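Given below, in the form of structure tokens, are the structures.
After this come two complexes, each holding subunit A, first together with subunit B and then together with subunit C.
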Partner chain A sequence: MNSKIGYLLALAALLVLPLAIYPVFLMKLLCFALFASAFNLILGYGGLLSFGHAAFFGGAAYVTGHAIKVWGLPTELGILVGAGGAGLLGVAIGMLAIRRQGIYFAMITLAMAQMVYFLFVSAPFTGGENGLQGVPRGTALGLIDLSNDLAMYYFVLAIFVLGFFIISRAVHSPFGQVLSAIRDNEARATSLGYDVDRYKLLAFVLSATLAGLAGATKTVVFQLASLTDAHWHMSGEVVLMTLLGGLGTIAGPAVGAGTIVTLQNYLASGPLGAWVPVVLGVIFVVCVLAFRRGVVGEISALIKKSF
Partner chain B sequence: MTGAGTNILETQGLTKEFKGFTAVDSVDLKVRRHQIHALIGPNGAGKTTVFNLLTKFLIPTRGKITFNGQDITFAKPAEIARKGVIRSFQISAVFPHMTARENVRIALQRKLGTSFHFWKPVSSLNKLNDRADALLDMVGLSRFSDAMVTDMSYGRKRALEIATTLAMEPELMLLDEPTQGMGREDVELVTQLIRKVSANRTILMVEHNLGVVSTLCDTITVLQRGAILTEGTYAEVSSDKRVKEAYMGKAA
Partner chain C sequence: MTLFNKFMATTSGLVLLASAAAAEISGGAVKIGLLTDMSGTYSDVAGSGTVTAAEMAIEEFGGTVAGAPIELLTADHQNKADIAANKAREWGDTEGVDAFAELVTTSVALAVFEVAKQQNKIALVSGAASSPLTNDACIPTGLHWTYNTRALAVGTGSAIVKEGGDSWFFLTADYAFGEALQRDVTAVVEAEGGQVLGAAKHPFPATDFSSFILQAQASGAKIIGLANAGGDTINAIKAANEFGVIAAGQKVAGLLVFLSDIHALGLDTAQGLLMTVSFYWDLNDETRAWSQKFFEKTGRMPTGVQAGTYSAVRHYLKAIEATGSDDTDTVLAKMREMPVNDMFAQNGVLRTDGRMVHDMYLAEVKKPEESSAPWDYLKIVRTIPGEEAFGPLSESTCPTK
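Showing the complex of A and B:
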């Protein structure tokens, strides 16, 4: 009940926030919040550390950019094509990776994501180092002109809410129950008749698709898909966001993403500009040492204790 | 075929080799229906390996395993679980970050066929609650149905594990040292539970505690160095000189 009120308050805040804060920054924040939430589905609820989620984020960014710019698809369809492409990539990488656990799973996902990255570096349609530029924002449903930042913001917010709802529903579904069981004790889940690999694969593909949705939306916002989106730094950053906000909590990754993106933005323009990675590194170390459950995890533990 | 007295599980020449070392050496095991059958033996006798072969967590090098006359030698662990062979683990196998009721529901929900449905609310599983609570009640955990399993005592976790196993309506329960690492009270509790749930079921257990074996089991198979040393009732087995030697060493 309490969490429902919390979500409604957060939604209300998100609806009025662009009146006070630069909408493009908020859109970036929402895209990364969705990306981290999608990532949390596989790490926090599936217990699998993927180190290659940039492949889905960046892959969808390029596919959507290409679909809208070159094929001339409408914006919504372009985003869906991008997310679908990330999902297909998720099937391919997932089938290989889920056979292994722990560090091997992380290494396979990293290696596959690197292959995808080098494909983007050399493929002609990505524009190489320059990125895929000048992607038109187009219109929403053929009616609302998205070149207006405020209109674009509400479009992004709608996508974020939809993605976030899918994730929280998946976590609290019959499937989510089995997934938690597998995370807690895989051998036991097997001995209760579950083919655990198939459940892990579905979780991985869902996570990849929604990470793709975030990357695709980001392309439309910035009218650009670049190598940064697919670089392994991006895979690392999303781990950081998720851990900082709270692994395996619904709202945690969004909070973590908000914190990191805000810090990056404000630090970059201040005197610490060159030191952003160092500051983030220190935050990460403090987070792991002092509050391992992340911001949201620690807060909800406190609330539980005081009742 | 399915009446009492027939064999529910059989192995023929079951062998497992690990790089030149024979852990299990042509074991012919017959588990009769509706019995409690124990597998005992000194450390390193191959009990756990046999157990893992039967539960398909290991693949045999040679030999054949049949369950109800069906060849399950190369079946997958999840597959035999769906046929009604459910195992337990040495360390209590529960899902710690879920409630006791959710633990039992995991076993019940597969039959609903909605376990891949990520778009359905979790409340769609509430129709299983009555059955889950009844199972928890049976093992004396009805007060704990909403408790997080992490916070429960070891004996209660074991009881919960049994409730979850029962939810699968197993024909054959394979228990891996069910009383290992327990204090006397918990041993008593779990022994009574096993007796209670053994009605109309077959149980094969690996057990160290001879007290438990003597009070519970109908048939005892003694393993030594990967092979069957002898088999019989507790009275027969315990009076066998070779069994004493296997456990205590040869009398001087």
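Showing the complex of A and C:
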């Protein structure tokens, strides 16, 4: 009940925020929050450290950009095609990767993501180094003109809420419980009769699709898809966001993403301009050393202890 | 008394004039938003040096133009197009920025072009190199100042063939950019009567160039063209040095090399390298004086990108001074009308496709014994006329030219 009130408060805040804060920045924040939340589904609840999520994020970004710009699909459909494409990519990579655990799983996902990255560097439709630029924002449902930043913001917010709702439903469903059981003790889950591989694959594909949804939305917001989205730095960044916010908590990754994106954005024009990577690195080290459960993890642990 | 009255009348007239002019300036200030790479690959080529260069241009005007203060906003785009797009849009929407400057790396320039087109703001591109910025991807308000890949490829290619380097072998980075560069240069070399003996594609990025350099040596070509950039070029030059390519009589031509790269490599390694530059600090008294001032502020001699940023910002402010307005279309028309004359460019012409046409220079890296002072790295072999380097306007595929 308490968490429901919390969500409603957060939603209310998100509805009025663009009046105070620059909406394009908020949209970026929401996209990365969704990306980190999707990643958290597989790392926090499935216990699988994927080091290749940029492939889904960037892959969907390119597919959506191409679908809207070249094929001329309407915006919503373009985003769905992008997310679907990321899902298919998730099936292909997931089938191979979930056969291994731990560091091997991470390495396979990284290797596959690098292959996808290389494809984007060389394929003609991505524009290579220059990226896919000038993607039109179009209209929402053919009615609302998305070139207006405020309209675009509420469109992105709707997608974020939908994605977040799917994640939170998945985590709290029996499926999510089984997933946690597999994370904590895979052998026992197998002995209880669960087909562990199928659960893992489903979680992986779900996470990939939602990461794709985030990437696709980002393409529409910024009207471009670039190699940055598919680079392994992006895979690293999302790990950082998730760990910073709180692994295995529902709201944690969103908080982590908010922190990182805000820092990147505001440090960029300050006197620390040249030190953004260093500052982020220091924050990560402090987080790992001092509060390992992440911001939200520590806070909820504190609340549990005090009440 | 009459003298006093006259004086008063003139001053009040001036004040009136100034306030009238200031009224033409949106938001009461001329704001320039400079986006560059402060911490990544291009921080030496562009980076904080471009901020210094822009500040030097603003100082020349005493910090005000047409009665309004000039403000410079800067940000590190971290080579990410989305950060650049976000920042540019924010600056345009909330800060009332009138022009964007520098924009190193093409993905960033293209992203900011999109914003500049929607908000009808001027984009003064210096660091990005791609020719499409003034061809297919051009926008009416996007000005490409310093150089482009065509000028580098075509300038270097044709100039070297004219100097007798008529057989080529390429080391090409195996992705779209490298292939495009090789294609451009090949076309020019063949048009000038030279021949291309072959090419070796290397992975991108690559660290070990030994097998590729051996292929290039075995080809017997007079010129080894480096159709790559950044770390790849540096590694290839190092390998060429280790295998004694220059000593054996072949020459290496870098297609995208900057003064800062030569500084990093050292003359021992880089000697004999041919490269096309848009600017060199030791060209004449004017460039030496300006570069000396730049050196005092930064401890480095300026690259072409940095000098070009100065020139672009200065010309933009000159146009505002002349028109007394910062309205995009008014300023743009004035910028096109006035020739660009400063220490960077002589009689530079701003074309309708956004290209600023000025002379380029083919340079050779000096031998260590030829260099008499720190940063004395290049000797100018040939001045490439602007028209030849950038091609005629009729060649431009810009739809709004």
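Convention: the second predicted complex is superposed on the first by the 307 of 307 C-alpha atoms of A that agree within 3 Å, B and C clash if a C-alpha of one lies under 4 Å from a C-alpha of the other, contacts with A are read in each partner's own complex, and residues count from 1 in each chain.
The rule is simple: a contact is a pair of C-beta atoms (placed from the backbone, for glycine too) under 8 Å apart; a residue touches a chain by one contact, two chains touch by 3 or more.
From a predicted model like this one, the values you see are computed outputs, not experimental measurements.
Chemist: Just to be sure I read the superposition right, which of the two partners does A:Gln177 touch: subunit B = first, subunit C = second, or both, or neither?
Modeler: first
Chemist: Tell me which partner A:Ser122 touches in the superposition: subunit B (first), subunit C (second), both or neither.
Modeler: Second partner only.
Chemist: Is A:Asn185 contacted by the first partner subunit B, the second partner subunit C, both or neither?
Modeler: A:Asn185: touches subunit B, not subunit C.
Chemist: Would you sort A:Met241 into first (subunit B), second (subunit C), both or neither based on which partner it touches?
Modeler: neither
Chemist: Once the structures are superposed on A, label A:Gly193 by its partner contacts, choosing first (subunit B), second (subunit C), both or neither.
Modeler: Touch partner of A:Gly193: subunit B, not subunit C.
Chemist: Using the touch definition from the top, say if A:Leu202 reaches subunit B (first), subunit C (second), both or neither.
Modeler: first
Chemist: Which of the two partners, first being subunit B and second being subunit C, lies in contact with A:Arg169: first, second, both, or neither?
Modeler: first
Chemist: In the superposed arrangement, which partner chain does A:Met112 touch: subunit B (first), subunit C (second), both, or neither?
Modeler: neither
Chemist: Quick one: classify A:Val276 as touching subunit B (first), subunit C (second), both or neither.
Modeler: The second partner, subunit C, only.
Chemist: Could you pull out which subunit A residues touch subunit C in their complex?
Modeler: Touch list, subunit A to subunit C: 22, 24-25, 28, 121-122, 124, 127-131, 133-134, 147, 149, 218, 222-224, 226-229, 264-265, 267-269, 273-277.
Chemist: Which residues of subunit B touch subunit A in their complex?
Modeler: The touching residues are 55, 57, 76-78, 81-82, 86-89, 93-98, 102, 105-107, 109-110, 112, 114-122, 124-125, 164, 168.
Chemist: Using the touch definition up top, name the residues of subunit A that touch subunit B in the complex.
Modeler: Subunit A residues touching subunit B: 166, 169-170, 172-178, 180-181, 183-185, 187-196, 198-199, 202, 206.
Chemist: For the complex, give me every residue of subunit C touching subunit A.
Modeler: Interface residues on subunit C, with respect to subunit A: 38-39, 43, 47-48, 73-83, 85-87, 89-90, 93-94, 106-107, 110-111, 113-114, 118, 130, 132, 137, 174-177, 204.
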